[in-house]
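Below you'll find a set of structures to go through.
Shared between the two complexes below is subunit A, which has subunit B as its partner in the first and subunit C in the second.
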Partner chain A sequence: MKKRLYLELENCIGCRSCLAACTQCGGHEERNRNYVYDVNPLVNRQTMPLMCLHCVNPACARSCPAQAIQIHETGAVLSALVEKCIGCQNCTIACPYGIPKFDTEQNLMYKCDLCIDRTKDGIPPMCASVCPSNTLQWLTDEEIEAKQKQFNLDNGKWVTSMPYLEGETNVRVNLPGILQGVTKLF
Partner chain B sequence: MHTNTSMNKKTGRSIDNAFASKFAKSMFLSVSAIVILSFIATRMFTHVDLNLYGYMVGTIVFIGGFFYRFIAWGERPPTKIFIKKGLKLLKRKSTPKTAVNHLAIYDFIKNRGLYRWVQHILIGWGCVLACLVTFPLVFGWMYFTMDDNGHYTIVLMGLNLMTVKADGIIAWLSYNALNIAAIMVTAGVCMALHRRLKNMQARAEQKFIYDFLPLYLLLFISITGLLLTVQNVFLHGWMQPQMSLIHQFSVIVTLIYLPFGKLAHIPFRPVSVFARNYREHYAEQEEKKCKVCGDHFVSVEQSNDVIQVLGVNAIEFNMEDGFNLAELCLPCRRKYRISRFSGFATHQVKVKGANQNAKG
Partner chain C sequence: MQRDKFFKEIENVRHPNETLVKTHCSYCGMQCGMNLRVNTKTNKIIGVEPRYDWPVTVGKMCPKGVTAYQQTNHDDRILKPLIRDDASLKGTKEGFREATWDEAYSLIAKKFGELQNKYGKDTLSVFSGVSMTNEKCYLTGKFARVAMQTRYIDYNGRFCMSSAAGGFLRSFGVDRGSTLPWTDLHETDCLFIAGSNTAECHPTSMFRVWAVQERGGYLIVADPRETPIARRADVHLDLRPGTDLALANGILNLLIQNGYADAEFVTNHTNGFEETKELVKEFTPEYTSEITGVAPEKIIRAAEIYGKAPNAVVMFARGIEQQHKGVDNVSAYTNMALVTGKIGRPKSGVATFTGQGNGQGGREHGQKSDLLPGYRKITNPKHVEEVCQVWGITPEEMPQPGVSAYEMFELMEQKTIRAMYLLCSNPAVSAPNLNFVRKAMKGLDFMVCADFYLSESAEFADVILPTVTWSEDEGTVTNLEGRIIKINKAQEPLGESKPDWQIQAELAEYLGRGKYFSHLKTARDVADEFRLASKGGYADYYGATWDKIDKQDGVFWPCKDEEDKGTPHMFLDKKFYHPDGKAKICALPYRPPAEEPDEDYPLRLTTGRVVYHYLSGNQTRRIQFLRDMCPEPYVEVHPETAAKYNIEHEEFVRLFTRRGEAEYKVKITEAIRKDTVFVPYHFGHDKSINLLTIAALDPMSRMPEFKACAAQIEKLELKKVQ
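For the complex of A and B:
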């Protein structure tokens, strides 16, 4: 059963378990590839994770002169192939969300690969495995559809890829509470 | 879109019209160059070693594969930009240093781990050494003639390069260059295989065809090559013709595979020098300021190139608020995305974002 990473952004409690878990994925060489931001740092404690959304037409891969960023058959946009990346950093400035990280010492870009070693076998990525608040989940399309119904999001406020993002993505993003002004118990 | 421009260019130049394609032209020129060089070097084909015939065919097939793969690659819009501008910037003062760093001593691999660096030096330089010996011999660019007084003459490009004693150190090194290369490659490949089997970081991402096959091919070549020497020295040449065929076969298969798999990074790695020059040169020219925080984050040239490349792919990031995402530095771009999710302008808050490195 094909599953997707699904984000319910306003659940995030800012524990940063997702960052720590990311470092532990095989092939990540103990460095995290995702972000957690304070939404309004001087006023409240709301945080939101920022992940690679695994674009269907990924700007990072399209801008790479070395074809170092491969797209896996699951739709995951992989990290740079170590022997191909020529260190030009095109990808970092092409990504609309500023996701790819660059290591100048190693002359190598690295980015979220959706823990491809796990997700290719249907195991959830590290971040979704550890998130205590259900911000990051690993769901089938049917389950995501059920979420959509559950939160009664037929008012055009369902932020799931199009038309709210820059392009179609393989990760689904959703913000049921904040945009509707609804307090949500999950 | 880019096909149009290359068409226009083509009609402007008549020599290009003589060939059906760039591929045909490159193929023709390289094969002619090899034939002409061999003609000169072998004193009009009088010193050709026909035992090495298989390698010749293998090389020609390799050149075909190489151009097929790399012309397609070079036509991709981002690649084209780097090759074009990189060639222009080759005269930069830093080029030799960058080239040595990237192509000979691989400092950046050392930063990925000493083990990986040693392994890469052994494999890389072993292969270079082997090619430097084999191909000149195959095409007759270099050969040895024996004088009667226990001396050899090394002939390079048809010129007597030097005369060496048959039992001298230079002679010994020349006979054994391929053995030394084979031992280096074998050691390096064994290190790589050990890492691929034991290291959990490496194991997570590897695939058999992509990561193991090239290692096994190199191992196959090295072992059969070493066996040839063993047969020669210890077994009085027993079964040597057969082994020689197997060895040739292994080399030819690898040459055919080379432009398509992991080994393809060898001929294409010099572009990393272009990329470094490109970044250094244009960063000195003019840097782009982030529209929100004012930080310099990339050269104006590269920013424009990326916007253009994405445009070719029908990707454009013009925002409703009247700017292009490419005008934001990376942290601001991330905060801007958060702001689009939350409706609150996170990127406008003048506070440094929290540390995004899990190690703190």
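For the complex of A and C:
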């Protein structure tokens, strides 16, 4: 059963366990490929993760003159192939969310590969495995659909979708404010 | 057992030449399940893999847990016993030389012997901790009384769980940190959480907390700061530090006035209602608001939600417990559940978020100055008799009760105590009023420290004994639910390090008390003796065998025999542990914090944790990822307060109280009260906020008031950050 990374941004507690976990995935050379932002640090403690959304038609890969960024059959947009990446950094500029990171020493781009050595076998990515708040989850399409029904927001735009995003993404994102739609028990 | 909607069958990733060792995190009371990855060629721990099949945390870990494995083969590990001959270097890292275990043990035995000959048996002391297995905690209690033969033993739970223990004992007659399993939490209708920065201190509870709100349930949070959990609360009771007792009384009053008391439950299963009802009458929303600074509407709304909720759980943590009325705060919040009858059934109850990994088990089995294994009392001759039979000593040989952790430092200062054996704790950072405590440690005639890193406290030692990390030994711990779980060994001890139980058994031999310890050759030997010693006590672990723990995903105490499956839910039969079977609703008059703000010290200082560090930071400050995330302490100040002092974000200030001072970088945030400043306590030397905190002790639990004292800020003109 195909599963996807699903983000519920309202849940984030800023623990950055997802960053720590990303360093632990095989082939990650102990460097994390994700980000967590303080949304408004002088005001409150809201935080949110910034993850590669694994675009269906990824700008990063399109911008790469060397075809170093491959798309896995699962839809995961992989990290640059070491032997192909020429270090031009086009991808870091092309990605609308600034996801690809650049290692200046190795002259090599690296990015989230959706923990491909796990997700290719249906095992959840490290970040979604550990996330203590369920901001990051690894769900089937049916489970995501159930979420969509559960959080029926006023404006009908419960997930980031056009026009918020550049295009269709494999990762599904649930914006802050989901609780608005919840009916209270009493 | 207790597999819920969050549980999913997931295979783990298995890399070639690796095995996975099932265990739990080394740090907080959540005791998240984890697998340690062990390289089968080098037999060394090399990483972590989620433990999806652990029913409480289903693979989740906070960043401390994810990086915990990095402690084991860390460069800072102490690999051999260390001796310092030059006592003038005490209080520094300097002057230690490597020694053999024999030399170290011989020196300790010689010094302990000399001091005891000169000043009496009780001149020695043991200061312990509960971030270690039940087996180690148990043996440390026996080691102090049987091998060192001193009355003075106490432990860092006095700075952590002792108020919760005292409050539960008074209210329920039993001290089990949670009356229900964590797997119930997401199914309740209202969580009332006081003084717990849950998202940072017990992060893996959070998916259950949010799930309550997702279902349409309510979250009420009482905290002086808008912590990440308070940010999303339905009601945030933003009270002044140290005023919890008024808030709890105010809410109780509203619950009673508005008809939410469960008359039948109150009559049949509790005492003390009428008296309490009278006492809390005074705490109208307006009066409560005056004391706490919380708007009356919020207090009214919180009481209404808790009162209406079909099921509700009252939870709290160090925020309410680390006060000089911590025990009263615990009983006062517990009153809410007792008056409304929301206890003794699934999905309702009372729980404290246990701080240390084994904060629950470690306090039950005899490390506390007045306790013996199984929560027995050292002042009860029958209890003493029972334990003496297991230990093989006569009741006359059992030392008297000692004094609490902080009071031991007072006795050191007075030279009543002249030597200390310190393990599993770092009081040179974690004790209050540190100028005094550090001086007392420095003044000791002789000090031994057993640790795996050279902590700030080890800097005061004459002898350092290298212990193992949690991953190089096995045994049980009791998590914050009261569930006894198994820690497994993933690697052989690094260098010459040894587990504490082995060190104590060997040292007992040098102290001439070997016959009481020589049969303890493995952790399992200690476990067997410990289960026997707890048998018949009300924290009865006799039936919690390692096999059963493995089969059942843990065993909730009490568990009396081999057939007993344990007790996930307490009080289902509505029987409490007081002799008449009833719980006690407590009438508790309000007392302000020991030190209230005044003209010279107009601010309220409160302290706490950040998600990246654990306790004194001796472990987590050495882990690169965690250090990068939070390298130094800071003081949180509200922008309006900052403006008054003319200070800006990231400027340096001198923060001071009547007891001490320190310099901190300012972090401006609106997520704190204007009258309050906050500093995390994980840092050593001149960065320790405990240089400033007050040692006002709770009369029952002897818990210092870490959470509230009066402070002042002064801007430092020159030290601007680039």
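Going forward, the second predicted complex is superposed on the first by the 169 of 186 C-alpha atoms of A that agree within 3 Å, B and C clash if a C-alpha of one lies under 4 Å from a C-alpha of the other, contacts with A are read in each partner's own complex, and residues count from 1 in each chain.
In this section, a residue touches a chain if its C-beta (ideal position, glycine included) is under 8 Å from a C-beta of that chain, and two chains touch if they have at least 3 such contacts.
Just so it is clear, the structure is predicted and the values come from calculations on it, not from any experiment.
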item	value
Touching partner for A:Thr23 - first (subunit B), second (subunit C), both, neither	both
Partner chain(s) touched by A:Asp117 [first = subunit B, second = subunit C, both, neither]	both
Subunit B versus subunit C as contact partner of A:Gln46, first or second or both or neither	both
Which superposed partner A:Cys131 touches (first subunit B, second subunit C, both, neither)	second
Residue contacts on subunit A - larger count, subunit B or subunit C	B
Partner chain in contact with A:Val56 - subunit B first, subunit C second, else both or neither	neither
Touching partner for A:Ile13 - first (subunit B), second (subunit C), both, neither	second
On subunit A, positions contacted by subunit B and by subunit C	10, 16, 19-20, 23, 26, 41-42, 46, 117, 179
Residue ranges of subunit B touching subunit A (in the complex, touch as defined)	73, 76, 78-79, 81-82, 102, 108-109, 111-112, 200-205, 262, 265, 268-269, 271-272, 274-276, 278-279, 297-298, 302-303, 305-306, 309-310, 313-315, 317, 325-326, 328-335, 337-338, 340-344, 346, 349, 351, 353-354, 356-359
Contact footprint of subunit B on subunit A as seen in their complex	9-10, 16, 19-20, 22-23, 25-32, 35-42, 46, 48, 50, 57, 59, 62-67, 82-84, 86-90, 92-99, 103, 105-108, 113, 116-117, 159, 164, 166-167, 173, 175, 178-179
Contacting residues of subunit C [partner subunit A, same complex]	10-13, 15, 47-48, 50, 52, 59-63, 65-67, 189, 199-200, 203-207, 210-211, 213-218, 226-229, 231-232, 308-310, 611-612, 625, 629, 639, 649, 668-671
Touch list for subunit A against partner subunit C, complex	10-11, 13-17, 19-21, 23-24, 26, 41-47, 117-118, 121, 123-124, 126, 129-134, 150, 179, 182-186
